[in-house]
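Lettered A, B, C and D in written order, each chain numbered from 1.
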Amino acid sequence: MKSQQNNWKEKLHEIIYEADTKEGKIFDVILLIAILSSVLFVMLESVNHIQLKYGTLLNIGEWLLTILFSFEYIFRIISINKPTKYIFSFYGIIDFLSTIPNYLSIFFLGTHSLIALRALRLLRIFRILKLARYIGESNNFIKALKASRAKIAVFLFFVLILCIILGTLMYLIEGGDNGFTSIPRSVYWAIVTLTTVGYGDIAPNTPFGQLIASIIMILGYGIIAVPTGIVSSEMVKTQDLHLNTQVCLNCGEDGHDDDAIFCNHCGTKLNI
Amino acid sequence: MKSQQNNWKEKLHEIIYEADTKEGKIFDVILLIAILSSVLFVMLESVNHIQLKYGTLLNIGEWLLTILFSFEYIFRIISINKPTKYIFSFYGIIDFLSTIPNYLSIFFLGTHSLIALRALRLLRIFRILKLARYIGESNNFIKALKASRAKIAVFLFFVLILCIILGTLMYLIEGGDNGFTSIPRSVYWAIVTLTTVGYGDIAPNTPFGQLIASIIMILGYGIIAVPTGIVSSEMVKTQDLHLNTQVCLNCGEDGHDDDAIFCNHCGTKLNI
Amino acid sequence: MKSQQNNWKEKLHEIIYEADTKEGKIFDVILLIAILSSVLFVMLESVNHIQLKYGTLLNIGEWLLTILFSFEYIFRIISINKPTKYIFSFYGIIDFLSTIPNYLSIFFLGTHSLIALRALRLLRIFRILKLARYIGESNNFIKALKASRAKIAVFLFFVLILCIILGTLMYLIEGGDNGFTSIPRSVYWAIVTLTTVGYGDIAPNTPFGQLIASIIMILGYGIIAVPTGIVSSEMVKTQDLHLNTQVCLNCGEDGHDDDAIFCNHCGTKLNI
Amino acid sequence: MKSQQNNWKEKLHEIIYEADTKEGKIFDVILLIAILSSVLFVMLESVNHIQLKYGTLLNIGEWLLTILFSFEYIFRIISINKPTKYIFSFYGIIDFLSTIPNYLSIFFLGTHSLIALRALRLLRIFRILKLARYIGESNNFIKALKASRAKIAVFLFFVLILCIILGTLMYLIEGGDNGFTSIPRSVYWAIVTLTTVGYGDIAPNTPFGQLIASIIMILGYGIIAVPTGIVSSEMVKTQDLHLNTQVCLNCGEDGHDDDAIFCNHCGTKLNI
């Protein structure tokens, strides 16, 4: 009896958590469609004239998906050996937070908007489609990003401090009459300018303010090279070091091409 | 008789499809001028005050070019051995779609605007001018782009999901009064911001919204380094592998390392 | 007596200037919080409705921090052997300029806004958190930036001249009616456009002006590759030269090539 | 007599065209100040309220500088052996075009605005300050730019065609009511969007238009990597190939480091 139940649990686990069997693949495709529909429903519902016309239809669809997601959540907990591991994992928390708001909206009115949390479920697409594996066959991509993470964080931190200083300066120069009504707002403007976004909702009006703004822009245009340079060089480095790990049995030469059959140093056949 | 006709077909093929003979070159230049004029006519016709003044003239020009393109299309079908291959090829479909709307506009009124499809013919310029060959002498350029295509696609897909999540967040924070009237519109705003375009038609007004916007901008400023890094490193890698021009006398393999003494494909000593 | 006083000075120096002891770490954390609060207070004070509500509270907080910074400044001078070295150092001047305005604001009314100079103290965060050391373990990062500094400066200088010429051109084309009221303003517009910021406060209206603007934008889109290319290649170069960790036994030279057999400085055989 | 005159011409040539002697350096500095003042005068004159106040003063300054430039121009022609070579050179034409408008403004009223051409003289700064030499000590920088020039041109050409196609598409979708009044204007908008400038003077209003706009933006965000990748890889390649041209006399090994004294392959002293 227990063995049979185990078997049943194992099968469910295979279908829900893996995609090797036919049933597992079908489950993944259905889940993918459900997530995409769910996000689409939330988006359409927020558009006023669509809400007025198809509100009831969207509501029904949302409830159907919520029930589907609830069952998926319960099955995920049942089929795994250590339920707490799933419940408190990154995807476990997202699954819970994206399912619960619809139920809460029966009792509390405001919580309905929390349904937008469901957009976070889109992240699961990466898992379902195994896209992450597709990117970094040799994991070079992820390695390069991890290696440059610290440098980019410091760079962005430096950009932030620069924006605070420049924003404060612009607040003193332009003043409230030209839209720079407070330092936080001026810092916001400095970020908009340095990152070359440039909304234009706040723009300098005095000649001196425009001079400082020009300097900020040229600065932003120049230092955008820094994160790019970091990532590029990190990627080139990672690739060079991991091109091929074959070592010649005769002369010990390494660094062969990927399609090398013979050692390019002594001519011995490589052990492929 | 048949051989003569064949000869005639072959000559036409040489003129239309190739650019080695004098006639072929003249044909290409005329076609290039015709395509550019055609696009120019469509553009000018859309400008109101030019349409009022020179409408008839542009109309005549357009009809002349349409007839010219029709003949070109027919000759292309006649002169090739397997017409279906051309008709259903990329350029074949474009040629058809860019010629037919003018005829349809006699019977249906709305189809005239389809004439704008003619802009697609501009892509033929690349073929005529053989620009593609000019870029990648050793095809390194195209190789690098193809190699990084998958990575960039995943990256852009990740950016899109990020924009959906951040757009939904901003919709909840800012609300309809500040222009964030629906989630799709907020997602549109998030894309405008993250890609550092920054129209300013929708801009955050609340302090908290501006804070989130600032984070999005700095994020966008930082992650623009990722596609650049991918392409750069891919290009450096591709170049490194083809630096050496040695070709093995035995097996004809090329692309050896700079310090290679033996062919890495068959083990023959290279002629250094 | 003197030795005891020396001891006392040494201990104070260790606490204030270093972060090796427990007291030194606590001092650094307190200073970090004080600087961040101080900047936050200045920012909040500039927001009108916060100033009206919590003005007195913020004022008291600012005075407390000013007194704290005054003591810190005095202790820094006392505990160091050569006070002038600190006073005229980069951080010494910033510390003085960010402490004095609050005192001056008692006598002179306008100087209060100088308190914004305090934002410059944020730069000290880099020192406290030792972030700079974190970036460039092998100093490659700083080396690459220094090596490319001159090139980037010339590039930005070239961009500036380009903007003056293009701005002047647009002033002649568009004229004052379309917002291009003077050459300096047109140059400002050219910088906004070339750096891809694009506020939209000034935008070309005439067809010819939009044509020139399009050329400037495509130009800006293309030449952003230049600073990026400079930094990237500089970083790759710096890394390449230090890939190898071999040190010559004879002369201690390092930074050898990967395939080096003999030291390139003294000719001794390397221990591979 | 003739030799003396020759001597006099040679000296003038040395002063005007070169910067090796003390007089030559002084001449360059004066010319630099004159050019900068001249550009500054033109810029200030275009500002309305400055023109009203200091108009006469600026006018006198301009005439003094025009006379100075006229003398410089004449001396340049006299002191060179082949005057036509200078007159029809790039700088010769700029010098002429930037000097003549002031004289013409006596007879014709409109030509005064041509004085803005003087901004082109700023390019001479590169020559005077020998900045170009400063950038590319080993000419790697210029080489890399030249090598990637063709690729970048093709890329920008491709961007332009893309903008024409996308602009035409948006003209059909959005129509004149939303600001897309004609195809040229829509193409202008597509360039503004793809290059991530984003003025916001024209912005899509319909949901479908915003969808297409989003795609264009993400496209622009992605393909900015292409020119950057081209320049970066070109620079890395150029540097690698030209690091050092020394060849070992004994074993013929090349590619030594810049500070190499002994061959890293066989240990022979290099011929420095």
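Definition applied: a contact is a pair of C-beta atoms (placed from the backbone, for glycine too) under 8 Å apart; a residue touches a chain by one contact, two chains touch by 3 or more.
Just so you know, these numbers come straight off a predicted model, no measurement behind them.
**Student:** Report which of A-C and B-C is connected by more C-beta pairs in contact.
**Tutor:** The comparison resolves to A-C.
**Student:** Among the chains here, which has the CA centroid at the largest distance from subunit C's centroid?
**Tutor:** Of all the other chains, the one whose centre lies farthest from subunit C is B.
**Student:** Over half of interface residue numbers shared between subunit A and subunit B means same, under half means different, so which is it?
**Tutor:** Different, since under half the interface numbering is common to both chains.
**Student:** If you average the CA atoms of subunit A and of subunit C, how many Å lie between those two points?
**Tutor:** The separation of the two C-alpha centroids amounts to 29 Å.
**Student:** Distance-wise, how many Å sit between the C-alpha centres of subunit B and subunit C, to the nearest whole number?
**Tutor:** The separation of the two C-alpha centroids amounts to 41 Å.
**Student:** Give the residues of subunit D touching no fewer than two other chains, as numbers and ranges.
**Tutor:** Within subunit D, residues 184, 187, 196-200, 207, 224, 228, 230, 232, 236, 255 contact more than one other chain.
**Student:** Taking the touch rule as given, give the residues of subunit D at its contact with subunit C in the complex, in rising order.
**Tutor:** My answer: residues 39, 42-44, 46-48, 113, 116, 119-120, 122-123, 125-126, 131, 134-135, 141, 144-145, 152, 155-156, 159-160, 184-185, 187-188, 191-192, 194-201, 224, 227-228, 230-232, 234-236, 239-240, 255-257, 259-269.
**Student:** Residues of subunit A touching subunit C in their complex?
**Tutor:** 150-151, 154, 157-158, 161, 164-165, 168-169, 171-172, 181-184, 187, 193, 196-200, 203, 207, 210-211, 213-214, 217-218, 220-222, 224-226, 228-230, 232-233, 236-237, 255
**Student:** Where on subunit D does subunit A make contact in their complex?
**Tutor:** 196-200, 207, 228, 232, 236
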